[in-house]
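Each of the next two complexes has chain A plus one other chain: chain B in the first, chain C in the second.
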Partner chain A sequence: MKFAESTNGSVLVVKVLSSRITADIAPSFKEGIINYVNKGSRKIVLDMSEVTFIDSSGLGALIGCIKVIGDDGALVLYGARDAVVSMFKLTRMNKVFPMYASQEEAVSAVS
Partner chain B sequence: MLSVTLSMMLTPDATHGSPLKRYDRATGLSEVLSPADAVNELNQRFQFKDDRYFTMIYGIFDIRSQTLKFAQAGHPGPVLIRKGFEPAIIGTGGMPIGLWPSIEFDCFEIPVRRGDRILLYSDGVTECLNEQRLAFGEERLLTFIRDWASLPLEELLEDLLTEIRRWRNGESTDDISLLAIEIAEDRRH
Partner chain C sequence: MPRLTLSIHSDLEDVSLLGVAIKGLCLYLGLGSASSNEAELCVVEAVTNVILHAYNGERGYAVDVAMWANGDKVVFEITDSGTAMTSRQAEVLMHGTSRGESEPQNSEPLNFQSLNKDALAESGRGLQIIHDLMDEVTYARNVEGNCLTLTKRIGETNRR
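Up next, the complex of A and B:
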């Protein structure tokens, strides 16, 4: 599982470099994000623009991340494609993980 | 799940502690919980500390009022197949069970009539990929049903399963589950 990371103010921006977040990579996805949290990043913006598909394991990994981050942190998304947006809407995960159109909007929402 | 549900509904001994019924000690009677209440109850009972969860769809057909009430917990919306209408995915979505105790599940209700069919399916149906890594998808599912809706229910299901298997060509590993219900025409006259 590969990520590209950058910072925008006090917010960590992580670009997901896999096109599919499914059972085979969900554990390493979760491990990668939790590594960022353990290094002190509690406000994370995920760039989902490369992701074309996320399944139930991928959602589980994201949920695991938000449970680790806790209420005082934030994990928000931007750039999600239609297939990903529909999965989030079906499972109402869009209420758990706020989704934004651009990095600027996502960063200012958690800043 | 269906057989477990039926067993719990019909076995008197299973009344106590069943998430599907509320037992009233005073009267000795049980009230069948609404799908939303049953799913809310299951969510309270299945709280995982890690990222595990499960999805389900639970509904009750009320033959007398001709309605279908169901609660959708992270599971794909069923397809309503009605003569003279385009098949349509129904439901409002909902979070899966087991994530947080504070989630409130709501109920979706639609009027049904004789001859209506409801198709339930797992996400392995719409998410299965072909050799070009293209998902079968909801649109293809609806188109297939529209084209073959006049077939007897069993044949429609068999043909749909064949179509899905042809599409995925043995590549997909996710399970494929299909369940269809038809409200029989009144044949008493």
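Up next, the complex of A and C:
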């Protein structure tokens, strides 16, 4: 699972470089995000603009990540495409993962 | 009627190839973009479920997906020779679940701000997703194994 990371103030911005988050890569996706948390990043903005498909396993991996981050941190998304947004709305996970149109909005929300 | 069968081995790494093919075929058959995305998602969820549960994650077993268009609908038939679904899993597939976090028919807004995130399940949504997105779902167990049939209607403007 490949990511590209950058910082924006106190927020870590992580771009997901895979076009699909599915059962075969969900464990490595979760491990990768948790590695950032273990290194001290508790406010994470995920750039989902390259992701065209996510299944329930990918969703489960994201849920596993917010459990590790806990209530004193944040994991929010931006740039999600229609199919990904639809998946979050269908499962009502858009209520768990705030989704924004731009990186600026996402970073501002968690800063 | 034209009918196509795609077959993969029970390897999660092969499921995306299948999903991409299914979506392309759905677009060709006139399902439209949103419904084709939904059909891809449902087939991916169903095949992943077969690999993880019917075959217990073991590689080397066949998972077949036959699909055909029949008038105003596209039908997907997913077959495997693994373990049968439990009665609870079959119930969720065909009738849905009352679990609040994944119950989109519930008009009451959920207050996730006060929700204990540790209580959120990391798995178990796939069958509910299939139930919610497909127009018809049937599951049968026979001597050859499991047969899951999913039907998605083609909108009038998209019919070929």
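What we mean here is this: the second predicted complex is superposed on the first by the 111 of 111 C-alpha atoms of A that agree within 3 Å, B and C clash if a C-alpha of one lies under 4 Å from a C-alpha of the other, contacts with A are read in each partner's own complex, and residues count from 1 in each chain.
By definition in this document, a contact is a pair of C-beta atoms (placed from the backbone, for glycine too) under 8 Å apart; a residue touches a chain by one contact, two chains touch by 3 or more.
Nothing here was measured: the structure is a model prediction, and the numbers come from that model.
The superposition on chain A brings chain B into a clash with chain C.
In the superposed model, A:Arg92 makes contact with both chain B and chain C. Judged by the number of chain A residues each one touches, C leads among chain B and chain C.
With both structures placed on the common chain, the touch criterion links A:Phe53 to chain B and to chain C.
Contact with both chain B and chain C is seen for A:Ala61 once the two complexes are overlaid on the shared chain. Of the two partner chains, neither chain B nor chain C is touched by A:Val16. In the superposed pair of complexes, A:Asp71 makes contact with chain C only, with no contact to chain B. Common to the chain B-facing and chain C-facing surfaces of chain A are residues 53, 55-56, 59-61, 63-64, 67, 83, 89-92, 95-96.
Within the complex, the chain A residues that touch chain B are 30, 53, 55-56, 59-61, 63-64, 67, 83, 89-93, 95-96.
Every residue of chain B that touches chain A in the complex is listed here, in rising order: 50-53, 55, 74, 76-77, 93-96, 99, 123, 127, 135, 174. Those residues of chain A that touch chain C in the shared complex are 20, 22-24, 53, 55-57, 59-61, 63-64, 66-67, 70-71, 82-83, 86-87, 89-92, 95-96. The touching residues of chain C, when paired with chain A in their complex, are 12-13, 15-16, 19, 34, 37-38, 40-41, 44-45, 48, 51-52, 101-104, 110, 112, 115, 117-118, 120-126, 128-129, 132-133.
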